[in-house]
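Each of the two complexes below includes chain A, the first together with chain B, the second together with chain C.
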Partner chain A sequence: MSYNPGEDVIEVVRGPAPGAAAGAYRAFGETLRGLKTTFARIVEGPTTIQYPEEKTPVYPRFRGRHKLHRFEDTGLEKCVGCSLCAAACPADCIRVVAAENTPVNRVSAGERYAAVYEINLSRCIFCGYCEVACPFDAITMGHDYEMSDYTRSDLIFTKEMLLAEPIERTPLRSEGE
Partner chain B sequence: MPRPEQKEIQFTIDGREVRAIEGAMLVDAAKHGDVEIPFFCYEPKLGNPVGACRMCLVEIEGIPKLQTSCSTPVKDGMVVHTQTDRVHAAQNAVVEFLLVNHPLDCPVCDKGGECPLQDITFGWGRGRSRFIEPKRHFVKPLSLSPLVAIDRERCILCYRCVRFSQEVAEDYQLIFAERGAHTYVSTFDGHPYVAPFSGNIIELCPVGALTSKPYRFRARPWDIEGAGGICTLCPSQCNVQFTVRDETVMRVLARENDEVDDGWLCDKGRFAYQSIHVDERIAAPLVRDGGELREVSWERALSVAAGLARHRGRVGALVGGQATNEEGFLLQSLMRQGLESPDIDSRGRASVPLELGRALAAPSLQAAVPDLEFAHTVLVLGCEPLDDAPILDLRIRKGVRRRGVNLAIASARPSALDANAKLSLRYPPGTEAAFLAELAAALAGPPSSGDISALAKLLLEGGEDVVILWGERVAADALPTLLRIAERLGLSGRAGAGLLEVPSGANGRGLREAGVLPGVGPGYAPAPAGRSAAQIAAAAADGRLTALYLFQTDPVRELPDRALWEAALHRAALVVAHASVLTEGIREHAAVVFPAESHAEKEGTVVHPDGRLQRLRGAIGHPNQVRAGWSVLAEISARVGHDQGVLTSPMAWEQLVAAVPFYAGLTLQEIGGRGVRWPDRAQAAQMPAGSAPSAPAPPGGSASSAPVAGAPANGGLRLGSYRPIWASPEVEISPALKFTICRQHVELSPQDAARLGIDHGEAVEVSQLDGSSAAYSGEAGSQARGKLEGTRVHGTAAVRSGVPQGTAFLADGIAQDSANELTEAVVEVRKP
Partner chain C sequence: MTPFGIVGYYELWWVAILKALVIFGLAFAILPLLTVYERKLLGRFQGRYGPNRVGPYGLMQPLAEILKFATKEGFRPTTSVAYMFRLAPVIAILTAVGALALIPFGDVQHIFGERVGLYGIDVSVGPLYVFALAGISFYGIMLGGWASGSKYSFLGAMRGAAQLISYEVSQGLALVGVVMTAGTLSLTGIVHAQLGMWYVVPQFVGFLIFIAASFAETNRPPFDLVEAETELVAGYFTEYGGTPFVAYLFAEYMNMMVVSGIAVTMFLGGWLLPFGIHPPGWVDPIVVFAKMMIFITFFIWIRATLPRLRYDQLMSFGWKVLLPLATLNVLVTAILVVS
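Let's turn to the complex of A and B:
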């Protein structure tokens, strides 16, 4: 029995053979059009940013590495260890263990303070929910985005690291830029 | 007393036809229609509603004003609306009003995240307050007691804590001081609120006004996990929920089970969890090396313990109340089959022969815990519920207060329940047999005058549901009479009536059923005769037993006759112990100490005094080098050549079920989180029947000499003992409970105190008077006798009006100056 391809027959449709003029245009016309853009940009000079010697400036609301804050007048920590940031964090990367302030050891303004405050930056997705959740503006997202390290455990930032004034390495975009 | 009948009615809520129990409060009935009504002060556990907070207002057709749904019982055909504008306006207003003085310092408030006020404000409040006036301020936080912190600014005056103190615990300490906007919760004169049940107010408070000090700022609800468990610090076996953060128990909450604890906990159960994570707890196996216990590897410790094989036939074992059924079962098998030593006991005081034990544990004779509440008459015999099983004290109070139970108390020592009792009878310590014989005679004979006849009359005529709650301290020779009285009252086979024994160990009942008794095998099967605890002590002291196995018990501390036990432990060549705290007997005498699990780590089953099998589940992993008790027992068993084939705790359970006919067919799943009462199952018929010996049995091996009836002639005082609720090593090492640590309080009657010239609170010295008793015989006995002569117990005099003249009560089970140093029935109390 001979093979019946049935409805599976494929018809190949070929375009008309190119003429000489159309072929020449195809070879050079489009290339020249592209080159026009190239030459037009050459006169503008290079725009490559030479990272890490040069850094992209970030917007003021850029969400980079977190910072914990102190009151400027008293020097007490703003964080009272309420754990609301930990509750809000979708990546579950904040760990807070609170303790009680005593007259001899007053760390924060409230009754309690964060004895342990850790953010695991290798898990953080920089969503900024922690900043929104904080009732005392104790944690904010900073501008630093250079956080690579050699071991994962070094990316767990402790309270002391978050409280320390970060070395400002990131330029900020000026107004309207 | 028959339980109230429950009739179903139909009512309409928010346009939905709903069926509910007649007489239920609307706020509960609404749940049947999936309607949630917010409330703060309503708490059925506290008794009748008070309607203090007005949060639960609803509209009922036919009643012009809004009604509090927490105090309005539902009626047939009622039409209720909870979603009308009037109701919403009222709810908004109540929330706004409650927040007038509320500080809203949720970030630092320990209740934040699990706060009904937060939830209700969010769900039913308006979201905005019109008050701009300054709020009322109090100093905060203050200590209400060493365990509870109070923040008066946050209090919404819901009355819950005050009602608990006034109507549930009946310690009458908490009150509302001042009136109107100045009202605040306080104790009289601002004394600390120290009471055995004070921790419950923390859980009751719907806001962060009352918070736990040990849990203060430890965690937020989203940091923690809850793990159901059982408290095995006393026989009440309350159901608890462990709050766990980072493999650490952070607090203990009640896990409501009406059949067991009614949703309350005592402070021991609530705060002694701290003993799990303290340095005093034994963390690794210890072996005595040059007179000192030193940490060693498990291998070394197990091989030392395997030396038990060399003492085959001469090993004695004692099992403490915290052991699970599985551990008891494995240990009795190790002893009986592996070491051919039938000397194993879990009853420290009196030993009860097999037949009598069976008769007392007969399923038809067992009362359940709720029966205490619904009985016509409850007789508390020879125990102090507050000390021996605290939660039963609350249950009895509830029965008396809310259901009019007739309460009678017959005990040697005055009871905390005396004030609630219709009748309180006192007998000299140790004379239960004589007392019960008189009672039996009064029950049988014609009515006459006298206290005992009055008790007989109450038992006979107060109603047919009688529950007798009796303690392990009741002398063994009184038990046949107790059975006869139960028979006379027709308690057998009667639902809602019966006997309820409070053993001295938390799992005392389960251990007996698992065969941890001399001459009694698993399931009350006969077993080769063995020695009771007191006989083990005597045999070890004179060298007939050469090795001792102490499973979570320290006889020097727990059992009567300290001197004899010291001699026994001293003489024994090998003492193997499982312990979590180095109590004196273990520290001085054990050759090997295995770190024992806490009740938050154990996996296994226990039996409640009323026959309810309950399941322990590991809430946390084993800290440090602690290993499961069953696995250590199985390992030692294998090393002495008796492989029990147990690789997991459920395998031990299966062996136990196979060995105990009245557990037949029970699975761990079936026991689940609520437990199963085996006397209610059909298989309970498999329990071998017992019989009471017709003649009173001789006091089985109890070391105490014959009790003295009348007041001692020689100016001495009869010695009675009691175990305070706080007398436990777990309490002693819990930092939060340090303030409760028991010292010896010698309870004296005012008359005796006056005669002896002793004032309340003075230091006293107690010594033995009668040196002629024949408790000690043989060569070891005379050794111990030498020690005995100089025995002096020091304590503080506590003059208590209820104490009968001629008796002094001393605490036992405490670390120092315990009553178990005294072995004579008559003592002399004087100023040192």
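Let's turn to the complex of A and C:
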């Protein structure tokens, strides 16, 4: 009994060997086909995204620059300064210094709050482990990807910068795009 | 049959100088736009925009580039031969401009009481003059490549010599059919002979041969082995920079315009329009230029489509396909003209 390779085997159709007259005729035909292909690109129009003016839309789960969150109703910070994100960070780029909440100065909803919360974005590898480690969903990965700057120290983002709304929103990819 | 020796019309000397200045100025005004047109169209063929940052629609791009080239350091390799290195681009651009004088942009017009032909000169040996200048323009490439003292330049120049010589034969033979049918060598005479029917119809094979050979003559892809940037860096102008480089670049575009102009004159009826439309005289240059743009667009389309030929393919195509076809075309035309 002969070997049956199954039904999903595709037979490769090979073109005839190059010849003199037939070869020239075929080359002419292929040239016309090529001209048709390039002309179709003109009809199609450019696919370039003109970057600084129009941005590439990102997927909802895109891991861009981090964001810190507040409770919408009370305005208190979600971060309680537990440093779990700093512990989870493989690049060791998060620095958290916690302080106690007092009745006079109440910053977060929990017992303590982050007095200093810095992310060194020049070291961050955007793995998203901090987001996973956070028990209060206080830190999430945002959608911003325009983070270049002139000096390294400008890339150390403080708590205020992380809490602030992004100046320009990165477009989100629509469903099925 | 008109004798070959008769020249269309003799103008006053100052009219001739004025015409030369106008043609020269217009050509050099159009050339930069042509470069940006090519790059934009090439971009569209490849699904991108092309230059669109400098000025409206990127039209100021050539201005920026020329500024850049003009401010560059004049550089010459130590191995090069100085005077030839400087002379070569001049030859290239001079011959290209000289050939442009032949293109008839219109019939003889009455301007301010003077009879002025809308062309540089109307010589009785039109195509021969063009081929003579094309022959000299090889020296621009050959000297440039040789005097650079660089292997890549030399290789490019040698390829150029072989390619241009082998394709000039077919190009010339393709025009012989037209000349025989028209019975004159004057380019304006050939246009006048096409009043009834453009020669693209009876001389269709000649037209195709001429177009194919023109690609090789102007060093345009797919026959750009002379400059083949992937193999030879830039071929014969590898060592050139700054304004001499611009001279070579403009010479190439100018050659493209000249070849398109010759094709329009010989095969597409010059300034004539089909269906018996006779517009006023000032429309003639626009008609000629529009027809030339069709050819230039086709040149760019081909550039966007076809890969470069291998050297042996180039030679066998030139000698084994084009030349026999051109000869056969001439023979058949001769038999038909005589009978």
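Note that the second predicted complex is superposed on the first by the 135 of 177 C-alpha atoms of A that agree within 3 Å, B and C clash if a C-alpha of one lies under 4 Å from a C-alpha of the other, contacts with A are read in each partner's own complex, and residues count from 1 in each chain.
What we mean here is this: contacts are C-beta pairs under 8 Å (C-beta built on N, C-alpha and C of every residue); 3 or more make two chains touch, one makes a residue touch a chain.
Predicted, not measured: the structure shown is a model, and the values here were computed from it.
A.B. asks: Is A:Gly34 in contact with chain B, with chain C, with both, or with neither (first, second, both, neither)?
C.D. replies: After superposing on A, A:Gly34 lies in contact with chain C but is clear of chain B.
A.B. asks: Of the two partner chains, chain B (first) and chain C (second), which one does A:Thr48 touch, if any: first, second, both, or neither?
C.D. replies: The second partner, chain C, only.
A.B. asks: Quick check on the superposed pair: does A:Cys82 touch chain B, chain C, both, or neither? Answer first, second, both or neither.
C.D. replies: In the superposition, A:Cys82 contacts chain B only.
A.B. asks: Given the complex with chain B, which residues does chain A contribute to the contact?
C.D. replies: So the residues of chain A touching chain B come out as 80-84, 86-87, 96-100, 110-112, 135-136.
A.B. asks: Which stretch or stretches of chain C touch chain A in the complex?
C.D. replies: Going through chain C, the ones touching chain A are 43-49, 301-302, 304-306, 321.
A.B. asks: Which bits of chain A are touching chain C when the two form their complex?
C.D. replies: 24, 31, 34-35, 37-39, 41-42, 44-48, 50
A.B. asks: Give the list of chain B residues in touch with chain A in this complex.
C.D. replies: Those residues of chain B that touch chain A are 105-108, 112-113, 141, 216-220, 222-223.
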